[in-house]
Amino acid sequence: MTNTPVPDGVPTDQVAEGPPIDLPPSISNVEPVLSVRTPIRLEYDFIPSAAAQQYLRAYASKRILGNRSPVDGAVFVPPRGVDPRNGVVADEMVDMVDRGHVGSFCITHLPIPGRRDLPVPYVSAWIHLDGADIGFLGLVAGCAATDVRIGMRVRAVWKPDAELAATAENVLHWEPTGEPDVPVDEAGNRGWALRQAATRGGDDA
Amino acid sequence: MTGHDVSDTVPLRADLVIEYPFIRTTGPVVGAFLTGLREAVLVGIRRVDGTVMVPPVEYDPVTSESLTEVVEVSSTGTIVSWTWVDPPRPGSPWDTPHGLALVLLDGADTPLLHGVLVDSADELATGLRVEAVWRD
Amino acid sequence: MREVAVVSSAIHQVEALTFTTDVQLMVPLINEARSAVGLTQADIGFTCSGSSDFLAGQGFSFVQTLDAVGAFPPISESHVEMDGAFALYEAWVKLQIGEIDTALVYSYGKSSPGSRRDVLAVQMDPYTVAPLWPDAHAVAAIQARLLLESGAVSAERLAEIAVRSQHHAVGNPNALRASTDATVVSVLSEAMVSDPLRPSDIAAESDGGCVVVLAAGDRARSLCERPAWIRGIDHRIDAHALGVRDLTRAPSAALAALKAGAPDDHLDIAEMHSPTTSQEHILATELGLGPDTVVNPSGGALAADTLMAAGLVRIAEAARRISNGEADRALAHATSGPCLQQNLVCVMEGQ
């Protein structure tokens, strides 16, 4: 049996058994240390990639940029300077519109630490901009959480012009446009798969 | 528009700070060493060959045998090797230039890494006798 | 043992990759190494990489870097939080199993956004050592003083190692510290960084990456005129805690060299991953290098040390000299952990 003192709240069946430990008199009749704080703090000077620099600067003037793949023309937002499927450089920049549709979404009922401004429940969604071949994460607001659905058309709600900066925070959230939905079978990544299949079909013909 | 030429602009940059607020359970042996630090006592652990290792761990790092006998060692020892740290490192307990040394405590057989507070590197030498200075 | 060889490699090391992400660094390098032997990702049986999230300041950062490979349709892949040389070891083991004939190995490190010598402090014991934040230069300096005061080496001899590295690095496009003018006197006149280590004693920190393509048997022969055949590879580890080791020695390096067959025949060249001149002296002794072995013809890690890639770069540099006929038998070494705790030795031959 171990004589290991166990911190409060730790189930005894989760304590590894070890041999008894002999302590010298100087520390055998005092309260033992059971745990220790060892915080690690590391500081970095982060410089975004050239593609991200361009993206963020354009974003400050309410423009959204993407990268077009040199292989098959697929458009990636935000731009990362590469086509991740083919492992090639993709440095052609494309101006995107600031509207699209919900590819998928999640309703969260727990608050985020540090975001007291965000009422719960909130909706995080995969936003597929018109002309883009992948989605990215955004908040959906301006309607009841229960009204959000796959295929729902949305547009960006930007911060007031005076508050815009080279930051990902420029779009406050995405709101419904009221346009007819994108059919579920053509929404989000399904739409991308359909376009891929059509491209392959075209090659075969 | 093609290419990613940003050479004509001042680059965007941001401070990125990563913090890991670890709380680690110690187990009985490392816990004994830390208990000793709180009580102003230095302890090691006896290895199977009879020698004493400081700081102690639950197993022999060479033979992997279980070790169980925690023993007190002296708060006084001898510098085995050293360097001079200037400027002091961010996050370290010291905010002025200082020595960093392996100190073989009396009663121990393996040296302990710790800071040595003197005014300049000229005051440091292998073989120098040093003693622990405890917080009040 | 199945015959496995290095058939291609690509290296890129610079002082700082300011505007380049890990992905953008690796895209051209991976394509260079693959296309040099006419392969695409579809031809690669297994992909293995090495990197550190602590350098990127980002959890699971290696997942994003897979973008550089072209990982769609899905590929067979693995990652080690170690130097790419250890990823190469995993790929070599995978090739030994016999189900695949090719492997892609890459690793990269971009340490310039942070303070590398301090980041390395978090590899120490988290209870009793890391909270003191001993930086990597200071820890290596304590080891160097032990070595100097043991009488095993002189400061002049360490300066000679630094000078040789700078001379050899001339002409190496991936070396940061290269000079024909360096002399023992000039090195010894440098101000200390971490007493007794001077700037030239400490490897030049670089950002960069390295890619190696491995192939087995006839596949290797079909891809490369003169493959660098891996005749032995071994990885050994010493205790982690500094106090329980004789820091003037590296028994794990000696054992790895023995197990990899290094002493079996003459070595034309040795590429060692030595973060300091003092560690290079320890390694040369433990690896049993004779006077007729050319040490670090590329300049070695002292000339450019990309954390997480410097070991794989050593394998690539040694393999290139075999493939181009400069050498018939070469040793490449990689290390990890504080003060040469872990050591990998890879012995390659042209025949």
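Every chain is named by a letter (A, B and C) in the order it is written, and numbering of its residues begins at 1.
The rule is short, and it goes like this: a residue touches a chain if its C-beta (ideal position, glycine included) is under 8 Å from a C-beta of that chain, and two chains touch if they have at least 3 such contacts.
Not measured: the values here are computed from a predicted model.
Here C is the chain whose Cα centre lies closest to the centre of all protein Cα atoms.
Comparing chain pairs B-C and A-C, the larger number of C-beta contacts belongs to B-C. Centroid to centroid, with C-alpha atoms defining each point, chain A and chain B lie 39 Å apart. For this pair, chain B with chain C, the centres built from the Cα atoms lie 27 Å apart.
Separation between the centroids of chain A and chain C, computed from CA atoms only, is 35 Å. Multi-chain contact residues of chain B (touching two or more other chains) are listed as 4, 6, 11, 16, 18, 22, 24, 26, 34, 90-91. Contact with two or more other chains is made by residues 36, 38, 40, 42-51, 53, 81 of chain A. Each of residues 18-19, 57, 113, 115, 118, 126-127, 131 in chain C touches at least two other chains.
Per the touch definition, chain C reaches chain B in the complex via residues 18-19, 57, 113, 115, 118, 121, 125-129, 131-135, 138-139, 141-143, 145-146, 149, 192, 194-197, 239-244, 247. Chain contact summary for the complex, chain C toward chain A: residues 18-21, 23-24, 27-28, 30-31, 41, 54, 57, 66-72, 113-115, 118-119, 122, 126-127, 130-131. Those residues of chain B that touch chain A in the complex are listed here as 1-6, 9, 11-29, 31-32, 34-36, 38-39, 41, 43, 58, 66, 68-72, 90-91. The residues of chain A lying in touch with chain C in their complex are 36, 38, 40, 42-53, 80-89. Listing the residues of chain B that touch chain C in their complex gives 4, 6, 11, 16, 18, 22, 24, 26, 30, 33-34, 53-55, 57, 61-62, 80-85, 89-93, 100-102, 110-115, 121, 126.
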